[in-house]
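Next up: some structures, all given as structure tokens.
In what follows, chain A forms one complex with chain B and a second complex with chain C.
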Partner chain A sequence: MTLAVFLPFLLSALAAWLGPRLGRRIGYVAALAFLPALLLALPLAGMPGAVPALEVTRWVPDLGLNLAFRGDGFSLLFAVLIGVIGTLASLYSVAYLSDRERFGRFYAYLLLFGGSMLGLVLSDNLIALFGFWEMTSVTSFLLIGLWHTRAAARDGAVKAFLVSALGGLGLLAAVSLISLAGNSTTLSGLDVAALRASPLFTPALLLTLLAAFTKSAQLPFHLWLPTAMEAPTPVSAFLHSATMVKAGVVLVAKFGLLFGTSPLWSGIIVPLGLATLVWGAWLALRQTDLKALLAYSTVSQLGLLMSLYGLAGAEGNFAGTAHLLNHAAFKAALFFVVGIIDHETGTREIPLLGGLRRALPVTFGVALLAALSMAGLPPLGGFISKELFYEAMLHQGPLFIVVAVAGSALTFAYTFRLLRVFLGLPRAPQGAHPHEAPPGLTLPAAGLAGAALLFGVWPASAEALTRTAQAALNFAEYREHLALWHGVTPALLATGLTWALGAGLVWQAGRVGALQRRLTPRVNANTAYYALLEGVNVFAAWLIARTQGLALPDQLRVMLAAAAVIAGYAVLRAPQVFHPFGTLPLGVLPIAALLVAGAVGVLLARNRLTAVVVTGLTGFGSAAAFLALRAPDLALTQLLVEAVTVILFLLAFRYLPGGRDLKRSRWRLRLDVGLAALAGVGATLLVLSSVRFLAPPISPYYLVNSYAGGGGKNVVNVLLVDFRGFDTLGEVTVVGMVALAVLALVRLGKRGRTATAPEALPPEGLPPEGLTPTPPARHKEPA
Partner chain B sequence: MSPRRKKPAPVPLTGDSPTTAPLGNDPILRSVSRAAFALVLLFAFLLLWRGHNAPGGGFIAGLMTVGALILHRMATGTSALHVDPLRLVPWGLALAFLTGLVPYLLGRPFLKSAYGYLTTPLTGEFEWASALLFDFGVYLVVVGGSLAIAYALIDVDPQERVEGDE
Partner chain C sequence: MEALFALLIGLLVAAGVFLLLSRKIVRVVLGLTFIGYAGNLAILTVAGLRELAPPLLTVPGPYMDPLPQALILTAIVIGFATTALLLTVALRAYQVAGHDNVAAFGDNLARDPQAGEGRFADPEHQGPDLPDLIHSDPEEPPEPDTGANTGRAGPGDREGLA
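On to the complex of A and B.
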């Protein structure tokens, strides 16, 4: 399992490197990455009874952070699903993508995404689960924005990322609360009783729901999924059918074991899922773009899955898992079909297309099977899982089944709208001569449609797969069987009603369309999203103008005042903490006088240069103090920092106007003196109050251990590079980042055509331009 | 950013402003700096080398090297460092990180340093420590970062005006 998760990551790096060399053939390598995931199907065979496998890789065990992968029936089933669709998407892309595509980048992203998704479903460690969850957000951002030159792709990527990152934050909070309340960071090791009794239970539940709803595009977060179709079609198939969006469903299914006892859980998820089912289907019916139609259909189907898993009972989990399989099969197949249509005709607009069954007979067959499964017609898998869905909703109450039937009738209607491009008179945009697609495109779609058919005509196959999840999701007692014919049940009657309603909708398509246009709300999730985004921008601009529009001296004044107030408050709140801190060597006193003199001198200086030099007095004075206190390392550092600071100061002064005296009124001088004194007193008090020897000092430990443990006689250096090396690593990273920031400010701050031509100046003291040897270009841009 | 500066050091347009004194055409500074540069650099390496056992270390050595390089740059107008200083930063970070990673991969704490003693006829007993590599990474980052800032400040002509400037 560990291999199954990590191989895609490894091959992703390889793909990025091989991409420019192998071109589109890299797709075959990419498909190999999912091989271990496919092999996970083997343990599935004996699953309902078998004990889940657990593989742990230690990472930071002190924090409870390990990579623990747990192969229970549900996780493995999902992993295999990801493997199958991932492999098919990789192979399909080989034939689908144009020659101009950057294959290395595309497959690297695709594999990263697949790996994160596998990690997400298999992970048993909650923190790692969150990590993988966020990685799916980031990688899907990259995938959706793959064609980043298009504004729509950028918008879609940003939207998807913002919405799912919001949920990701919710998940982070949720897993923290869960692991606190449940005393474990692993899902299988949680103390469920303690979690249920904890006051953190309800917040954790709500935060989990936020994460699940944003990821699975439930109302009102459904807005990101349709715009995510800006990704290349194979990516959409992968994202929409098997993986990304179902992450929320996985979360609900798995965490249902923890939260399912709460009435809040089902009480929120089921109604919201059903609402999403109806609203998504209603919106899907309005779309003219095939892919948009499928995207809204995914929203709707995810609502269905959510409502089933949200029941957190045997019936819901069984039906949900069955529908999960069916949905993955028919939705991926339909995306592949849309890709073929797009590839062959150059458009995805439904009004421009018609009669494609003549030109694309094989594709038509595939589309028919998949679409009828989506509409829930026998003898296909979708029919069976829809019966189970109705059965479950019938047990919930009359209102639930009414909504469910309404949603399914709309599903029926938009399925036929989708199929209309194959029916009627042949119609295609000018210049397009659609003919059957190459096998690289049709075979993956046909395989998936075949699976949809198989699940219908041989329900035992789907049942065997569904049963594997039962132990994992705790529904061992469920005795229902999958079958096409149960006899005349209320569910069958509801299905009959659905077909009648759906047929009515298809028959009256014109009027329904007119009604939909009339009912279009002025405000929808998208307008709200853009209004919110705009609002954040306006607010940020306002805040920056208010807080950072000050001149630099004023900003410093604010900071100093704040430091004084905060330090004073801290000391005021805890006045008892002053402690004697030993005796000061007398030799330090003159140095202290020097330091104070330097500080006062800066205030009195009338000119910048003087001010800098006098500031240097305090710096070098501190160095002297360090020396007097026998800290040569610190003194050396201070000296050099001071020297470099003075140089940088003087260089920066070249930008400031002339050597004029500083303008400084009397009251301003007083203000500055007062502020400086206050801040200084505050800082001193803070330091004094923190010098308390409540615990034994740590320095003897280092003195004893630095030679034995780090092999160095210089304790400070051993401390920096060994005991606290990680700190140092962080600090030098900061140094690097500061350098980048300063460079950006200095160099890129001035963009545009220069008004005075600097090249006209005589280059004094420099060798002529032509004589300077140019070093060989090391950095080569990838083609 | 090109490794060698493309633009000459800024030279005053009119000369009436003392803050834009030319950098790099003072003969005395130029001749003195040669010797000073070499000495300072040597001392910096010494600091780096002995840092583990006596006052010194990557950070200090880095700052000292920066001082020497800035001096050289101011005196002669050319950079003694033949690469873009900013490029040292990722290399330094990578080196520091890798010295930490190796013990981790060997199952010991991250950044746990290893050390030992070698005896060669030339130097006598001599201590080696993986911490020196880490320190060298720190050194590279400090040199690269500080020098990049300094060069950027030197490179830009303060007299230059861009369209839209007020």
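On to the complex of A and C.
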């Protein structure tokens, strides 16, 4: 399993490297990456009975941060599914992509995505689960935005990322809460009873739902999935039919075992899932673009899956897993079919196409099988899983079954809208000569459609696959069998009603369309999203303009004020204890006087030489303080540095104008005095509150080992050069870099451009001094 | 004694901040120097001012904690280096701009949020990237840059600190 997750990552690097050399043939290498995932079919085959395998790669065991992969039936089933669709998508892309595509990039992204997805379904560690979850968001962002020169692709990528990253943050919070409450970071090791009793249970539940709904495009968050269709079609087939969007479903299925006992869980998921089913299908019926139609159909089908897994019971899990398989088969096949149509005719617009069954007979057959499975017609897999869905909803109540029937009738209707491109009179855009696609495109689609057929005519195959997950999802006791004919049951009657309604919708397509146009709401998820995005943009622009576009001192004032607010709050929260001055050693008083004199003197200094000398006063004062505070090394260093600093300033003054400050306007002066006073008081309080926590020294080790380990009796020196030598190396590097930078700046040229008297200034209403084009060496001020 | 030093540190910080906010470039550098002094003293004070021997094994113990001293020793040297760099940058800025008024240096960010496109206060903000030469979609010709935000001249002295 570990190999199955990591091989795609390894091969993606290879693909990125070899892509430009091998061209489209790199796709065959990419398909190899899913081989270990396909081999997981072997453990899966023994699954309902076999014990789940656990592979742990230890990393930080103390924090519970291991890479743990657990192959229970459900995870393995999903991993194999990802492997199959991933392989098919890779092979399909070889034939589909144009010669000008950047294959290295495309396949690298595709494999990265495949690897993250495999990690996500197999991961047993909650933290790693979150990591893989976010990686699917990031890699799908890359994939959707693959054709990044198109504005729509960028928009779709950003939208998908923003929405699913929002959910990702929710998941991070959720897994943290779960691992805190459940005393474990592994999914299989959680203390479920403690989690259920914990007050963190409900927040964790809600956050998990946020994550699942954003990823699986449930109702308020469904907006990203259709725009994500800007990705190349094979990617859409991979991401949006079989894998990424199902991540939310996986989450609901797996975490349903934890949260399912709460009425809140199914109380939220099931209605929302059903609403998504109906609304997605309603929107799908309106689309003219084939891929958009499929996108909304995916939204709708995900709603169905959600509502099944959301029941968190044996019946729901069984039906959900069965439909998951069917959906993956027929939806990926349909995406591939749409890709073929696009490839052959150059368009995906339904009104422009018609009668393609003559030109594309094989594709038509494939599409027919897949689409009828989607519509839920016998003898296809979709029929069986829809029966199960009805069965489950019948047990929930009359309202549920009504909504379910309505959604399915709409599904029926849009399926026929999809098939319309094959029926009627031949029609295609000018210049297109549709003919049968090469086998590289047809075979993957045919294989999947064949699976959809197989699941229908031989239900035992689908049942065997579904049953592999029974131990993982707790439906071993559920004794229902998949079959085409259960006798005349209420579910069958509901199906009949669905067909009647669906046929009615198809028959009255014109009126339905008119009704849809009339019912289009003015405000929808997309307008809300764009309004929000616009709002954030405007706010950010406003904020930046008010805080960062200012003159530098103003900018500094804003920063200081912000820091004052934050630090002030912190100081306020920390109780202050004022140490008494106590008896001051007399020797300290002159030092204090020196420091104060320097600080006051520099404020009063009228000329730069005085200012520097007075600064030196403080410098020497602090050297004296170091001496008094029993730090002789510091005093020595400070003395030396101080001397050099003063020399440095004097050197620089040969080229710099005088030290008297430019006048500040009165209120600005007050503001500055206020800010400075606040900063001073804040620093004092900070030091005082830190002194309060005076802990025993943490470094007796150095005192003990200085002579034995470093051979020196000056502990500070030994510490710097022996124990923490790399710090000193870093310090020396910094000084060296600074020296180089200084040299570069000085050598840059004797003079730069001199004359730029800015017009938009001065911001303080005073003419800045020295704005005349003056050669720097001949400044006017006296030295 | 800690209280006294806390007060002194507060005073040094206040002086440093006041200098930092002035418009003359040299005083800004001096202000940073003062804040540096305050920082060094603060580390020492926070570690506790006890009546112990300096961390020299040649004198009898018990000794002061050597770790803060080592930290400050590094800080002094780095502080000197940064002061030198700042001073040189100040010098260079003066040479390039022809004046030493910090407030007049300006940066290249726009100051007018309503100007131009109205949505990007940052004139360096690039519009959508230019069309690639290799375009992957055969159906659609590479769309030209729609000029969502082609560079608009920012106010202020854009040459100020080039």
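Here, the second predicted complex is superposed on the first by the 556 of 783 C-alpha atoms of A that agree within 3 Å, B and C clash if a C-alpha of one lies under 4 Å from a C-alpha of the other, contacts with A are read in each partner's own complex, and residues count from 1 in each chain.
Please note the rule applied: a residue touches a chain if its C-beta (ideal position, glycine included) is under 8 Å from a C-beta of that chain, and two chains touch if they have at least 3 such contacts.
Computed from a predicted model, the values in this text were never measured in an experiment.
Undergrad: So in the superposed three-chain picture, is A:426 touching just chain B, just chain C, both, or none of them (first/second/both/neither)?
TA: After superposing on A, A:426 lies clear of both chain B and chain C.
Undergrad: Now for A:675: first (chain B), second (chain C), both, or neither, which partner does it touch?
TA: Once the two structures are laid over each other on A, A:675 reaches chain C alone.
Undergrad: With both complexes superposed on chain A, which partner does A:600 reach: first (chain B), second (chain C), both or neither?
TA: In the superposed model, A:600 contacts chain C only, not chain B.
Undergrad: Given the touch rule stated above, what does A:720 touch, chain B (first), chain C (second), both, or neither?
TA: A:720 sits against chain B and chain C alike.
Undergrad: Which partner does A:729 reach: the first (chain B), the second (chain C), both, or neither?
TA: A:729 contacts chain B only, not chain C.
Undergrad: Once the shared chain is lined up, is A:361 touching chain B (first), chain C (second), both, or neither of them?
TA: In the superposed model, A:361 contacts neither chain B nor chain C.
Undergrad: Could you figure out whether chain B or chain C reaches more residues of chain A?
TA: Counting residues of chain A touched by each partner, the higher count goes to C.
Undergrad: Of the two partner chains, chain B (first) and chain C (second), which one does A:740 touch, if any: first, second, both, or neither?
TA: In the superposed model, A:740 contacts chain B only, not chain C.
Undergrad: For A:652, using the defined touch cut-off, is the partner it touches chain B, chain C, both, or neither? Pick first, second, both or neither.
TA: Both: A:652 reaches chain B and chain C.
Undergrad: Between chain B (first) and chain C (second), which does A:637 come into contact with in this model arrangement: first, second, both, or neither?
TA: So A:637 meets both chain B and chain C here.
Undergrad: Output the chain A positions appearing in both contact lists, the one against chain B and the one against chain C.
TA: The overlap between the chain B and chain C interfaces on chain A comprises residues 632-633, 637, 641, 644, 648, 652-653, 655-657, 659, 713-714, 716, 720, 728, 735, 738-739, 742, 746, 751-756, 758-759, 761-764, 769, 772, 774.
Undergrad: So in the complex, the part of chain A that touches chain B is made up of which residues?
TA: 632-633, 636-637, 640-641, 643-644, 647-648, 651-659, 710-714, 716-718, 720-722, 725-726, 728-729, 732-733, 735-736, 738-740, 742-743, 746-747, 750-756, 758-759, 761-767, 769, 772, 774-775
Undergrad: With touch defined as at the start, can you tell me which chain B residues reach chain A in the complex?
TA: Touching chain A: residues 1, 3-4, 6-11, 13, 17-20, 22, 24-25, 47, 51-60, 63-64, 66-67, 70, 76-78, 82-83, 86, 89-90, 92-93, 96-97, 100, 110-113, 115-116, 127, 129, 131, 134-135, 137-138, 141-142, 144-146, 148-150, 152-165 of chain B.
Undergrad: Over in the complex, which chain C residues touch chain A? Could you list them?
TA: Going by the criterion above, the answer is residues 1-27, 30, 33-34, 37-38, 40-42, 44-49, 52-58, 61, 63-67, 69-70, 72-74, 76-85, 87-92, 94-107, 109-113, 118-122, 128-129, 131-132, 134-140, 142-143, 146, 155-157, 159-160, 162.
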